[in-house]
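All remarks here apply to the structure that follows.
Chain lettering (A, B, C, D, E and F) follows the sequence in which the chains are written, and residue indices restart at 1 in each chain.
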Amino acid sequence: MIKTGKLAGWAARLVLPGLVLLLAPELVEAQDAIDSGDTAWMLTSTALVLLMTAGLAFFYGGLVPSKNVLNTMMMSFVAFGVAGVLWAVAGYSLAFGGDGAFVGDLSMMFLSGVGMEASGSIPHILFMGFQGTFAIITAALISGALVGRMKFGAYIAFIAIWGLVVYAPVVHWVWSGGWLGGMGALDFAGGTVVHVNAGAAALAAAIVLGPRQDYGVRAMLPHNVPFVLLGAGLLWFGWFGFNGGSALAADGLGATGAVTTMFAPGATVVVWAFLDHFTTGEMTAVGLATAIVVGLVAITPASGFVTPMGAIAIGALAAFPSYYFIKWRTRSSLDDSLDVFGAHGIGGAVGAVLTGVFAAEAVGGTAGLLEGNPGQVVTQVIAIIGVLVYSVIATVVILKVIGAISGGLRPAADLELRGMDVIAHGEEGYATGDGAVLILEDD
Amino acid sequence: MKLVKAIIRPEKLSDVLKALYQADVEGVTVNRVQGHGGETEGVETYRGTTVKMELTDKIMLDIGVSDSFVDVTVNAILSSARTGEVGDGKVFVFPIEGVYRIRTGEKDEQAVTPVTGETNETTI
Amino acid sequence: MIKTGKLAGWAARLVLPGLVLLLAPELVEAQDAIDSGDTAWMLTSTALVLLMTAGLAFFYGGLVPSKNVLNTMMMSFVAFGVAGVLWAVAGYSLAFGGDGAFVGDLSMMFLSGVGMEASGSIPHILFMGFQGTFAIITAALISGALVGRMKFGAYIAFIAIWGLVVYAPVVHWVWSGGWLGGMGALDFAGGTVVHVNAGAAALAAAIVLGPRQDYGVRAMLPHNVPFVLLGAGLLWFGWFGFNGGSALAADGLGATGAVTTMFAPGATVVVWAFLDHFTTGEMTAVGLATAIVVGLVAITPASGFVTPMGAIAIGALAAFPSYYFIKWRTRSSLDDSLDVFGAHGIGGAVGAVLTGVFAAEAVGGTAGLLEGNPGQVVTQVIAIIGVLVYSVIATVVILKVIGAISGGLRPAADLELRGMDVIAHGEEGYATGDGAVLILEDD
Amino acid sequence: MIKTGKLAGWAARLVLPGLVLLLAPELVEAQDAIDSGDTAWMLTSTALVLLMTAGLAFFYGGLVPSKNVLNTMMMSFVAFGVAGVLWAVAGYSLAFGGDGAFVGDLSMMFLSGVGMEASGSIPHILFMGFQGTFAIITAALISGALVGRMKFGAYIAFIAIWGLVVYAPVVHWVWSGGWLGGMGALDFAGGTVVHVNAGAAALAAAIVLGPRQDYGVRAMLPHNVPFVLLGAGLLWFGWFGFNGGSALAADGLGATGAVTTMFAPGATVVVWAFLDHFTTGEMTAVGLATAIVVGLVAITPASGFVTPMGAIAIGALAAFPSYYFIKWRTRSSLDDSLDVFGAHGIGGAVGAVLTGVFAAEAVGGTAGLLEGNPGQVVTQVIAIIGVLVYSVIATVVILKVIGAISGGLRPAADLELRGMDVIAHGEEGYATGDGAVLILEDD
Amino acid sequence: MKLVKAIIRPEKLSDVLKALYQADVEGVTVNRVQGHGGETEGVETYRGTTVKMELTDKIMLDIGVSDSFVDVTVNAILSSARTGEVGDGKVFVFPIEGVYRIRTGEKDEQAVTPVTGETNETTI
Amino acid sequence: MKLVKAIIRPEKLSDVLKALYQADVEGVTVNRVQGHGGETEGVETYRGTTVKMELTDKIMLDIGVSDSFVDVTVNAILSSARTGEVGDGKVFVFPIEGVYRIRTGEKDEQAVTPVTGETNETTI
């Protein structure tokens, strides 16, 4: 049996203002029966979002020099373990338990009471798992700002704490009856919860850590651009589950979530190509991959609220601020190494604002600015600022505390220059074995 | 004995190998390197980061030849590797004090003596 | 509400001669209700087919020398943007709008009238998105004939125009009430529409462009065969959605589409291995990957019309013509660089003919030659020829026009030899950063 | 129409002791109707499990030196052809036909009688295809013990025979009314059938083949650790279909299968990281990838019988034996090159035993040790031993016979040292083309 | 004519190239190599297999210079490549018997004569 | 001072490094190259395209040694790198005119003088 507290929060997610009466009876019914079609789609979506974190590892891993490829990829992969297990232990409960305005409760710690019973039209356990994949990738997203210069233990501690202290509460705010959801902030699949949140944390973390030793001195080029494209492709594929699955059903809304996700990044790619062309005379592959991600991020909050043509507009418009921010950032002293803030923070914020602009009542039940509801844009801006401020402050505090306890967040400068793979993991990404001598006795 | 070291364009490698073969020079060691000379430098851009590429892909050949074959070898390279554009590369000739064939341990002229046939006689 | 014109075309696709009475009542019902199971499968299928284009980028990208890897991959990835956006703008309407014999109309331009209402048993918007993923990959397929020697702007213009002028009408011919569908041509998932069509365009484009500067002179070897295998694996995976999803439902037909897709390429792999073994004494990895694609192509038109054993027969037979054609092609002056015509054109045509041979009435409602219906083979041949001729002619015209306007389709010969990645995109696939000097002032 | 014999075996799988009465009516109904939601999920699951074999190719291929990368990857990819086609020819019938205690019959050879009719709530053809993907990956799993030193023809003969003589009967034992299923052995998705079975065969094969020429002499390092991580990511993704799909339905049980699959490896990763840290001072990327696979293997038999917290316990506990066994193995003379026995044999056995410990009646209908049913552990141990002994003996016999017929299983020692890619396939994984001269006349 | 062969740390390449440029030495060929010297050897572990890494990544530079530029070149390298830690590398100077510019076929001094301007005069 | 340049089989690298170590030669620079000699040429086929592979993977070692150690070094290589099959490679000995240690700037004999202990004395 699903607890009332959780259902209320949940309802806030699905039942947007103006739809309450319409959907309410359906929800009551939904408690009673699992729909195999909806469950099939949510099973698929859960797998798809899980794959995104592997895709992210390649997107990020291809962008760094080869001496840091494993460290970068592991920052994503280790989130499967740390963020995944902690989600089951307490994160899910903090996000979806109880009905406080700011944070959930501990009533579902260790998944107590989370079983095969229906929650909406899918098994409760599946809803929990689906949300868990979001917790994993949000933590991993931040790592793009930290590559090449952070003690691995400190990184693990950071994402562990951040997931419980920042991510879970913010989910509660927006999707489980918290103050932002209550205000009517629209965030279909996590533009604010996931992307603005991770982007803000990345910005703060990049500043706390400081730039890499050779940042701005030496060129640190992507060692494997095909990996970047592979990552972008896997992310796009997985994002169908991220956005399409956020409908929690295989219906018209789920289809809208998926189809907007298909078209928006296409528009971003086209605009980005023009910007690249006018700036450097050439369309670049790294730019193309970046455009895909920016488009995906921007459509995330809007995916269940706008039409495909609205999605194309959002995708196209979102290219501009991210493009120019990233261009400026690379010439600045801010070593947000893989532009998490530029792509996810700005892309997510722009997407969230444009959700308030392009929302179509016929799609998701809420009208946006273009349909005469300017107030929605204001609500969206409040949500963005709320999440951004909390995430920045909490990130700084967490990192400072970890740094103080663990004797600094970074390895010695000369070690960092040798590359994190060798010094933090004792491995090379691409070993030839030349000059490697077997040590057979035990160490 | 001399060592002829040539730096050439990668796309010319096949032609140079063929020219060496036709000049009866069969032993050669090939190395992928990068060169800096009078070539125009490319500019590349990665997500806003613009870099000037000061190095161009080249191939370096090391060829040990007996004294009498130095000119033949150098000429084979000069004619087969040339495009006439800046960046064609250089050929250096070095003195060698000793040569050994690892398979047999033979030294100097013995190391150069062809095992069989005539086509081998020019290589070490 | 779904428009009658479109439904008629659609019905022509699903309701094949002999099945009309049987299926008609179901279809009438289907208009009224979205089925969550069918929608779940079509959501998944749409994501799967989208992933195929990324898979294709790796299949093609691994086959070229590393100096052209990014250019080759971008030819696939940019189709997400160009072909995707244009599908929403006009392609979908030209393909599925109206009921002309040769081309659709503009009634659904900018997706007007394409919403969450049911179209069959799935949301209309989802049908449109699913079909859009086909438009994207068909355009990308052609690029295999063009690698390493085409101005990128000219390529983009080509696939943009080709998608509207060739792909959309051919879809209409076969799947939306056009002349070929009306004749009873069978093409379950695009053997003719996608593969013969793209293969013919590739053949024409390779001839118009002419061979690469060093074609036939220097060996241009695959720089990364694991990428080729990765591409083949992702293509196979995605092809479950391509063929299985073409049933537009999660039912016995969908299962047949998927299961034939699973077994046919297996048979092609086995036969190809024997051919490789008898020819060169060894089974090759590139051969294995090629066999997978040829088998997938060949089963595409047949996948909803034959049994799994029929699929195995088709997969096995399809190996021969493609194998020997490719062997001949590499010694000819035809630089269809990655053998798009050999794999897709010939594979698709062979598959389409064999569909007419092996079609089983019990599976897809139409009997083939083996069940005493030789006329079906004739119909299949007409469809192949019709599509091939139109695609070749239109491709030549489009390319000549673009070439005339843009001052030639190819870069200068010496630039081409340096590699397309550096000259057309200002990037390298695998940069080490040696000798790279940061330029910090603005360009 | 589905045959009674098969259904009986099948029922044994789904309807576990204690649930018979509860589920029986549902099953009777299920025979009559295909459920689109269940079918959607099983279509997806089939595609997911197929993808796993490509994932395995990368997991294995990244772990070997580059001179053997293609040979290693082809050992997986060729299973698509060999094991796939043979499954349709006879394997499926041997596994699921008839109701003998030890092996099925040949009544469904060439898929006779396997059509679109319902089998449970999905099309029979789809059940057959789904099971076929298991046959493919099980054969491919063994190859990890054989890399770098086996004639490719002998390998193909081996997996062909092994699939029919070992895999199909063992499936019958456990999942289709055979003696182990009859005893009440629990194996939700193949901990014993797939992993103990393949692990045992790998152990035997490694001993029969003997170590690589340079094993224990030279260090043979992973040439591409990112590929290992890619493989691990794709395996995890595909395993959702492996375990979640083994419920054969998109319901609470399917959700449990998927969600336990999501959390268990996370726990293994965390424990493995600690073990790595205490042993070498560093957490390694290869270790992380290995931990993911071990966790996935361990949860496989349990995935439909335990809660997510049970899954986390199993994942955590399974890390220890595999970790220490692999550590010992690399210093021994046993060249199970990629630790198939350590990861799959031991991981599968540990998972099967722990299934008997943690099984929760509320989840899968059977109580385990912790709920007061110690007998289940005994049953599990018998199943493990039965499968292990049969697999070892049969593998040795098959290999000895092939070796005798084909003049030895291995190439000459000096050829082996040059690398299998060049000597067995006439290809290199990463060719630069330097010094490659085109041969244009026919060979 | 001499060939200056320098083995340096990879992370010092940019600095050395800049120093060479400032010393008016423009022709150089660069090669990724691995070195073994007094450096501490790393230990790596791959799934239980522990290995000692005896080689460290280095860059090898080959620079042909006219006799009068040998000292300038060597000093430019010595000062720009130094960190003071073990592993900084070595510089070797070799005699050259002949130099050719492939583009023109010019030999020796002709090969070294700058095409235009003064900055080229020191390079071959 | 001499430079010993050896071209060996990749699979012999560990053995050669061990032999050099036992001969108290510790400084060495290693380079992946490809060689062409008397080896049989492989044929590879990629989708119908057949190619003859004229180059075989080799390792090139550059070792600077003081004059008295030339023979020791050469012999260590000759004995440890031999398989007796065609393709074992060659050893060349070159004269060196000057050596510098970048870390300290020491020249010639100073650059060779061991920093500490005896095992270093033979290396530069």
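The rule we apply is simple: a contact is a pair of C-beta atoms (placed from the backbone, for glycine too) under 8 Å apart; a residue touches a chain by one contact, two chains touch by 3 or more.
Everything numeric here is computed off the predicted structure, so don't read it as measured data.
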Any chains in contact with both subunit A and subunit C?
-> B, D, E, F
Note whether the interface between subunit B and subunit F is symmetric in residue numbering, meaning over half of all numbers used appear on both sides, and answer same or different.
-> different
Subunit C and subunit F have mean C-alpha positions lying a whole-number Å distance apart equal to 53
Whole-Å separation of chain centres (CA-atom averages), subunit A against subunit D | 32
Per the C-alpha centroid definition, the whole-Å distance linking subunit B and subunit E comes out as 18
Where does subunit C touch two or more other chains at once, residue-wise?
-> 35-38, 40-41, 44, 218-222, 224, 230, 250, 280, 282, 284, 286, 331, 426-428, 431-432, 434-438, 443
Would you please write down the residue numbers of subunit F that are in contact with two or more other chains?
-> 14, 17, 30-31, 34, 36, 44-46, 49-51, 54-55, 85, 94-95
Based on the touch definition given at the start, go ahead and assign the chain network to line, ring, star, complete or other.
-> complete
Could you pull out which subunit D residues touch subunit F in their complex?
-> 214, 218, 414, 417, 422, 426-428, 431, 434-439, 443
Residues of subunit C touching subunit F in their complex?
-> 63, 219-222, 280, 282, 284, 286-287, 290, 326-331, 339
Contact footprint of subunit F on subunit E as seen in their complex = 2, 5-8, 31, 33-38, 54-55, 58, 60, 70, 74, 77-78, 81-95
Subunit A-touching residues of subunit C, taken from the complex the two chains share = 34-44, 46-47, 50-51, 53-55, 57-58, 61, 69-70, 73-74, 77-78, 80-82, 84-85, 88, 110-111, 114-117, 122-123, 125-126, 128-129, 132-133, 152, 156, 224, 227, 230, 250, 421, 424-433, 436-438, 440, 442-443
Residues of subunit B defined as touching subunit F within the complex = 1, 3, 17, 26-31, 62, 64, 94-103, 105, 111, 115, 120, 123-124
